[in-house]
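Shown below is the structure under consideration.
Note that the chains are named A, B, C and D in the order they appear, and that numbering of residues resets to 1 at the start of each chain.
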């Protein structure tokens, strides 16, 4: 299948490198408004055409699919045009900025019978795969809650605050792990350096199952921390993404509490402190697996881990978070039409 | 001065050991309803009398002060009786359970001209002293926000939930470091193991200065974490209390953001990544310094780091947190009469 | 059985505390030349007599056993007197200073039919037990080599150099893990602060099986490190004794090398990078288990992990190490009569 | 200046990338016997010629310098030919295999008036620069000893044992830090997986100043460790090269020992436990600095950190280590003519 890479900023070259390395794909175009960026890739290479306008790609019937890595505010228009031109679409996160527009894009993809996939790359990392497996296999038992920390110094962005920049990672991972879309979200933002944009925030997500997931995102932490903790009734797991190799730990630890009839007056607590396991993880690049999953969905029509509707669930949560910040952290429900998360 | 130790459960023997080791103090009584606990201390020792009823102590004019380490629900009555009997009082945290009763106790201490001190031991650790110094000396610059994590597996308690058990440490430390009492608090509680009591929670405190402090407390985390991060405009500091010796780190790191007139459209960001310093800390026991500060306040009349009113501020915050949990995490103001935090 | 604790310096009170806590033992005497040290223990306690001369203990037929925690240069005379008086003996490491004297003590114990045990406490820690089990069960496969690091800042001692102070721990652990006594030892000493005594050293031990064990001991390292690594053909293990709880790690990792007929010209190497397991360890105090093993050996006559001959093997290795240092690090054989390590 | 890269295995492409990025250099040739490797670099690039035989380069008078990254056993012949052809030479470590041949190469470079530099890349890392500065500035005071650990699982090599593969890094760093060449070396090798080649080893180097440096190199350790410790009289430093950013730590710690006249009988020891500093390090690539230093030496004639004679000192040490292994670890002197280490 022929794919065109649209947008050659920070992420586009990674898309190019991964799609190029796969037998499933042939990269026929790279597109960017900046001619120099296009030239850097096409010069000395055969089989890859360059373009400064995406319409060239949409008009070429030989192109089966596009991978869009342009700024978020351009996503809606480009995805729509690509779908209307009959192309399968992989788009960088977030799918778009507005939930209503996101719903339209999902419906359009359905009508066109084309695959719409959002590049929530983390879902294809070996770490998230392992956590997902630990939950699905009931190794962790019932999930009590999930806590995430995603903080570092910078990188400040002009057109996205820290919630829009970092929280999509956590939201998409929470949703995938739990197989649910949140009901409501509380978001507390800190504007430490400028009134113009939040640079640290706390988000609390409530899920239909009653599970709570919380994330601390920040651009103003002295140290880079990428940690997630899942407390379960059977076992507990941690994910430290800064660790080069020992990322996931599974703790055979737990606690059982029993109460007498007359409730809190008599409580029996027992602790279990067993072994810790650090599983070896598949080291292959997540983005490569995204490109493979995109091909697989096109071929089979089956859902992947990051369908348009999964991406829409993230957009809806970000939108509710924005309103929660304005309301001083009040828990704010996602807009009424629940997204149907692809069953897993 | 003569002091009586009332309550010989977990903490009382530590009080006894520290007060006994100091020239400033002579322990004249140890009191507990359980005769065996009393006997374990007084047998083979001279100069220390035992009692199973605190009234013996209150009635003895030779006793100058009492250190109360009984369960929280007994504090109010014992502190009141001790003050009325003309004793100086050191009481375990929390001062009491109800803010109104706490205010009465503070006023009673004033009327009696006696010292009322709350044993918020952490305020006398070398780590908190160092963080306080870093803030007061403007080494950190303006404080952006404070983030704390205080999680581990257990120890579940029958008569206190995780907020009442762990959060007083963070609240008292936040207040001491910032020299303020919070305006309002948002508390989200998780009841993972039992509907009867919260076992994990997130608290967000808003201070008059606009600074936000956040703590994650939990009894159901597989690993013990005791970390605090203070982001400041000049430097940033972290405190890892699980580390045996390298507890405090001062990062000469920061970020500066400048905007053009037309706001977010043009943003200049510059980062500073300098050295990290790990200061050597005084290793002496914090509880010993509490006992010394108690003596000093009695002698000089000067405030210490944990006056009755400092303890009251914690009680008021816990009370507001309780109401916030009931209201689904809504930011809840502390009751109207602000506590005057002892100026530092 | 009645035991007397002889020597109340740093370690004696620990012996007293552990023997006192066990039903198997009744501590009838504590002995030290310093009356004050004796008084600190016996005052306020019944059933424990004090003495400033060990002969009192040796002459009392009610005493079954003695635990000797006096300086090393006094061991030989005290152990000999105790055995001659018909007492079972537990003595601090090292058994004595001279191999020939150590052999005499072992023979004397045999003749007297009394238990002679050396307090190599580390052999009774849960960590060493786990490593021993990993080796004996062939979980690690064939042991390739063992590397140990035992360094910190201080504590300098006047009457022992760093080899005599720290290496006995490693030597006794190596011997116990491998079930062998070394054939020869190379020791390189560094006299950084004073010509009078070595403050850092490297020891290499060669075992009859061909296995090599190496330890780096130092009093002049800025950080405390207590690490051991065992490379095996099936798995590899590390022991970090500074870690509060995650001391032992078992790596399911290995490498296989195959050569063609014509040797090094064609080499096939395959690596295995599997999971890491951190086993939960029994938390009970090792010295308590020493006291129990001492009682068990007296009751049953069975060997324990630290018999007189095991202690003698350490003394013989230290003696060879001393000669190796004088010969500039030359591998130096242990004196001719091999010690028969208690079969395990 | 025009440079030719000879050898396009693992390291050659890194040389190409770094030389290409610098204004000081123009890469005019890349050479490898394998045409495909040559094609991979020259195709689509202008200004870079390819060749499968180095003689093409030697015969071209437009080539000023060569960077040789071929297997060690080819170094002598290629370096000699390049110097005879009047080229400046940068050659991968080790300079060559035999000390006598290395001396000839150094003399030849002198006679030809050409720069001979060995790519001991580590000497140009920010970490080694910082350690060098700490020593030269007397921040550490007198160096007591240096301990290095360089272990991991693999990568086994067919034509070099673990000493030849890993120890050159430590030897070159030790020499550079101390400004000396070792007098003698003891090397103990472990052949765990095959009799054909050593896979773990301990090297002890004695320097004219009396300082001892020790390294543990291994291909059969479950974890990758790259640590160096320098104990000094004023301060101590550690280098952890596996740490992504906090590589160097400077400990304001030390110990002072004083003895009475009658030697060891009375010893006064005092410890200093001050702050720890983690300096921020320059993040630029070391190999880039090697290429710049090579250009600088050609331009100015001044020595750099890794002259031919510095590389020869490493070859001489490896040769002595080989003989020490054969003699069972005996300290073995370097061949009689001491290398004059470039003064720093």
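Methods note: a residue touches a chain if its C-beta (ideal position, glycine included) is under 8 Å from a C-beta of that chain, and two chains touch if they have at least 3 such contacts.
Fair warning: this is a prediction, and the values are worked out from it, not measured in the lab.
Chemist: Please flag the chain sitting at the greatest distance from subunit D, going by CA centroids.
Modeler: It is B whose centre lies farthest from that of subunit D.
Chemist: Any idea whether B-C or B-D has more C-beta pairs in contact?
Modeler: B-D is joined by more C-beta pairs in contact.
Chemist: With chain centres defined as C-alpha means, what is the inter-centre distance between subunit B and subunit C in Å?
Modeler: Result: the chain centres lie 44 Å from each other.
Chemist: How many Å are there between the centre of subunit A and the centre of subunit B, using C-alpha atoms for each centre?
Modeler: Going by mean C-alpha positions, subunit A sits 40 Å from subunit B.
Chemist: Roughly how far is subunit B from subunit D, going centre to centre by Cα mean, in whole Å?
Modeler: 54
Chemist: When you check subunit D against every other chain, which residues touch at least two of them?
Modeler: 273
Chemist: How about subunit B: which of its residues touch subunit C in the complex?
Modeler: On the subunit B side, the touching residues are 43-45, 244.
Chemist: Taking the complex as given, what residues does subunit D use to touch subunit B?
Modeler: Per the touch definition, subunit D meets subunit B at residues 246, 252, 273-280.
Chemist: Please output the residues of subunit D touching subunit C within their complex, sorted ascending.
Modeler: It comes out as residues 144-145, 147, 153-156, 158-159, 186, 188, 190, 192-194, 196-197, 199-200, 202, 204, 212, 214, 216, 218-223, 229, 231, 236-238, 249, 251, 253-257, 259, 263-267, 269, 271, 273, 328-331.
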